[in-house]
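For reference, chains read A, B, C, D and E in written order, and residue numbers begin at 1 within each chain.
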Amino acid sequence: AEAGNDHVLKLATTTSTENSGLLRHLLPVFERDTGYKVHVIAVGTGKALRMGRDGDVDVVLVHAPAAEQKFVDDGHGVKRVGVMYNDFVIVGPVDDPAAAGNSSSGNEALSRIAKKKAVFISRGDDSGTNKKELSLWREAGIRPQEPWYREAGQGMGKVLQMAGELSAYTLTDRGTWLAFMNKSPLRIVYQDDPVLFNPYGIIAVNPARYPDINYTGAQALIKWITSPAGQLLIGNYTVADSLLFTPSADTGHLASEYSAAGKTE
Amino acid sequence: MSSMLNLQFNNLCKRYRRRTILVNLDITLRDGECTLLCGSNGAGKTTLLRIMAGLEKPDLGTIDFGFGQMKWRRCKKTLQEKIMYLHQQPYMFDTSVRKNLAYALPSGLSNAECSQRIDEALEWADLRRLATAPATNLSGGEAQRVALARAWLRIPLVLLLDEPMANMDQESRLRTHNLLRQLKDQGMAIIITSHDTMQFQSLSDRQLILKDGKISIELSTNQAENVTAFPLAQTSLHDTA
Amino acid sequence: MSSLSGATLDAISLLAGGDAQLWGIIGISFRVSTTAILIAIPPSLLIAFLLAYGRFPGRRLLISVFSTLLSLPAVVVGLTLYLVLSRHGPLGDWRLLFSQTAMVMGQIVLCVPILVAMGHSALQAADRRAWETARTLGAGPLRAVLTVMHEVRFGLFAALLAAYGRIIAEVGASMMLGGNILNYTRNIPTAIALETSKGEFAQGIALGIVLLVLAFILNGLLHYLQGKGRFAV
Amino acid sequence: MSSLSGATLDAISLLAGGDAQLWGIIGISFRVSTTAILIAIPPSLLIAFLLAYGRFPGRRLLISVFSTLLSLPAVVVGLTLYLVLSRHGPLGDWRLLFSQTAMVMGQIVLCVPILVAMGHSALQAADRRAWETARTLGAGPLRAVLTVMHEVRFGLFAALLAAYGRIIAEVGASMMLGGNILNYTRNIPTAIALETSKGEFAQGIALGIVLLVLAFILNGLLHYLQGKGRFAV
Amino acid sequence: MSSMLNLQFNNLCKRYRRRTILVNLDITLRDGECTLLCGSNGAGKTTLLRIMAGLEKPDLGTIDFGFGQMKWRRCKKTLQEKIMYLHQQPYMFDTSVRKNLAYALPSGLSNAECSQRIDEALEWADLRRLATAPATNLSGGEAQRVALARAWLRIPLVLLLDEPMANMDQESRLRTHNLLRQLKDQGMAIIITSHDTMQFQSLSDRQLILKDGKISIELSTNQAENVTAFPLAQTSLHDTA
């Protein structure tokens, strides 16, 4: 590691973790416990992975399992470690013109929206949420089309605002939704289908590619966030009296992983 | 000879910073009258002409067009429209000489008429060769001639000339002299400032000397007017020394 | 970096090939910004002229205000207009949000301060005799104003280019007010922002190069029209 | 809208109360932009002068290039410098990414074209006799350049304000190159962007108002220093 | 009398657009020699002076300082440094009159010396009252006096004066006249252009007339030099008419 900068750890993460306030809940504790200073760079999932790939950050925390897997397979990251999950919900106008609320599955909800040609706003930005949404359409066998389907190309918060303004449906992660709930004229029309599961993973950038990267720090963060203490903090973080994230790390598995990585270094 | 124009400026005062330039100055213009305004550098000749042309605000003073006294502020626009002032250092618009002249033409002329009048003006000022040249590059005397040609085209009610011949060669001076006589005969009121008073002696009806913010001496030069030949204009360095 | 030149080549071949989507984005960019600047020019130049030649109380303050507004962040303009145009806002009934009209409004607000401040700076540098000569040669106030503007046209032209550059490259207000909707309100800068957020840096830069190339052509054209480049001394 | 005035009041009371975090953000904003413009001014004015007074082949083209660069989107600057400073990039070894130095670099790139184009426009409007008189009175080239600049100082001052306004309000490059890291590279515009993305519009606008108020004060101060407001005619 | 300065301009040519201004013109300057340059408007007097001062590029021509002929390009800087040109319309820096004068002082003077010399210059030009006034607002004649006072402070090798007295009042003209005689006696080479040739008759050693791009007539006026009294400078409108 570069001399003098060992205590700084650069974390690229998605806007959802930053905007929901989770990191402000977690990181001060981590910094106090370990003496590291975490520089959080909150960007879209695609950009976060890109920064990891270029070795400009030490560790990434994102939610796009397929992309994460590819990231690791391509040798950019050491290993994906599950941290937590929350879920996606479909939000829409209060009167739910497409009756998506009566669906029995996420796919059906989307089919109803498509059939009604009710306005649906897509993130359209290749983010984790966007990838999820596209996979849902694919599974439902629908090719969404303009004009009812609009690609906004913006962050989750902006898309929620747009949907509110345009009385449209959209897919959102629960964290962002909880933060925006009070300001939005929309409501959740469909939730709680297992296909809407939204797992977050943390990946240390591969020190084999970038020898001077702060790998120790990255592992310290991974170890801490998946430790019982970190997991507990995640588990008791609430916004508007709702739990946002469910901790999901397999702590036992991680310990062996860390020692294995330590040996290779 | 009933005078059509009788423009009175009364009680003009002007100060810059702590210096007083004009103090309770009165001046009257009558049509067909040519006034020569003299005074040393910084006496306030330019300032006075600019006030009369509606370009500079006096601190005090009223104007009488014949309908009673008015504040300068209220007649500023009228002054700007009726009176034409030629800057001591003439300003040329950044375009051709021809267009500079065209600017002075009254609106409502046909294209042919415009073009004819401009040609006349170019002819008069001996600027034909320079018609399409950029006016901003003219030599000092050429620019003065263009400025005068613009006055010739515009034909205002009153013409205020600030050192109109300073950079002109002898031939242009002669031509200007003739022009001014012509305009005067048409009834235009003219004021000329100059340090070479002799050059305008034969033309002017009276000579005013501006000193200490007032018109200190008013000489009538009418008697010299009937001299048929153009007199030798003489300038002596000892005149005021 | 090779991906960059690749992406630029791709973008240029898309351009040349008349790719509808890319040309659509470009069209929106230039249409919106050109409309905005055309609307903004007359009032801005008038204000600039009054600030340079008028004598009225509060003039100094107004000059300061306009030069302060040069630091107005685009996002703030976007946000404020958003609140005004939003469903609950005072103009919510017009249903303008997420339309090109809203983008035009945002860009007008952004370019007026530049036009006023830079226009004022150009006009106040004009020789006062220009105005006086025009008036004394019988020009009415409007013609005299136009004459003075013609005299300082190079300065005004530079102001125009600066203002146009600002809004054609601006992303904050367009994003908020247009919503970056594909084929509808997505312009070059918001498309760049999108590509960037996806981590597609090469695409983003390629789009930026496309913007610059088009701006360069437009620029050259304007210089040419503006009188065979007497822009320079 | 009431939440807006509330948030503004909050922001101002935080300001007045010396809230460390808010003042930290403000400090970063002004420190970075001031450094950037101070570094950018000397070369930019020199280039502007050469473009206005020099006679060399390619001068016209260079003028066009600089006025084209006025439309350079901040994101593109951010992206390009990102690629340069990134670990793989040519300057990757300097490890400057996500630092204030990187932000300064981005803002320099953004303000140089404005300073050059507007500076050129101000300088070319100067009376050529200024330069000639200076030279003929025995001034060396450098002193003569400074004299001409003094003669058109109002125009140059306006150029400066425009450039400073551009970078103090700029978000694209700062976001990319600084990374919006709290207490380290978060400046006012990136903070506004963050608040906006969270839907905290009132906070965003309040920060914008804070920026404008500070810019107004700075402006007034500069006007004052610059010779008791002879900025105007 | 061995001449220290012997500056030759040879074969100067200058065209603007399609018009030829100067054609193969030769002119030589010697120290202590005062040359009066005449010619009608647009003859090229200003152009010639500006070329000599290193401010305007001739199309052709060489310069000889006494070390062989050189291209204008190569001596441009030297010309600018050694020769002082007074614009036909003097340019005032946008600052006080005092600072305008200070600009012309050679570097390396002590503050007290500077201040004393400026005071002398102000005194000479009769501008004490205006020392702190903004120079851009000066009247035409006052500006000309400041310009001349700057020359007085600078003391160049060669002084080129373009219509130096056009807007001056009689008193200033007299004072200028005396100054120029003084400078000439100190050995400065001086060229003056003017349309009022009489004013400089007693001062000048020779009179050149510029016509059709050449120096068509060269008159020696040395014989008039020994006249002790200041002669009446006479300008006739018929001189060239």
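Descriptive notes on the structure:
Assume contacts are C-beta pairs under 8 Å (C-beta built on N, C-alpha and C of every residue); 3 or more make two chains touch, one makes a residue touch a chain.
All of these numbers come straight from a predicted model, not from anything done at the bench.
Each step here moves to a touching chain, and the least such steps from subunit A to subunit C number 1.
The chains in contact with subunit A as well as with subunit E are D. Among the remaining chains, none touches subunit D as well as subunit E.
Looking at which two chains touch through the most C-beta pairs, you get C-D. Of all chains, the one whose CA centroid is most distant from that of subunit C is E. Using mean Cα coordinates as chain centres, the one most removed from subunit D is B. Where the sister copies subunit C and subunit D meet, the same residue numbers recur on both sides for over half of the interface positions.
Subunit B and subunit D have CA centres that are 50 Å apart.
The geometric centre of subunit B is 46 Å away from that of subunit C, both derived from CA atoms. The distance from the centre of subunit A to the centre of subunit B, with each centre set as the mean of the Cα atoms, comes to 82 Å. Looking at subunit E, residues 89 sit in touch with two or more other chains.
Residue positions of subunit D with contacts to 2 or more other chains are 196. Under the contact definition stated at the top, the residues of subunit A that touch 2 or more other chains are 155, 158.
Under the contact rule stated at the top, the pairs of chains that touch are A-C, A-D, B-C, B-E, C-D, D-E.
Within the complex formed with subunit C, the residues of subunit B that make contact are 53-55, 80-81, 83-85, 87, 89-91, 93-95, 103-104, 106, 150, 154, 156. Every residue of subunit D that touches subunit E in the complex is listed here, in rising order: 127, 129-130, 132-139, 147, 150-151. Residue ranges of subunit D in contact with subunit A, taken from their complex: 86-88, 95, 97-98, 179-182, 184, 194, 196-199.
Touching subunit E in their complex are the following residues of subunit B: 16-17, 19, 39-42, 45-46, 88-89, 129-130, 133, 137-142, 145, 162-163, 166-174, 177, 195-196, 198-199, 230, 232-241.
Contact residues on subunit D toward subunit C in their complex (touch as defined above): 1, 4, 51-53, 59-60, 63-65, 67-76, 78-80, 82-83, 89, 113-114, 117-118, 120-122, 124-125, 128, 152, 154-155, 157-159, 161-162, 164-166, 168-172, 176, 188-189, 192-193, 196, 201, 204-205, 208, 211-212, 215-216, 219-220, 223, 229, 231-233.
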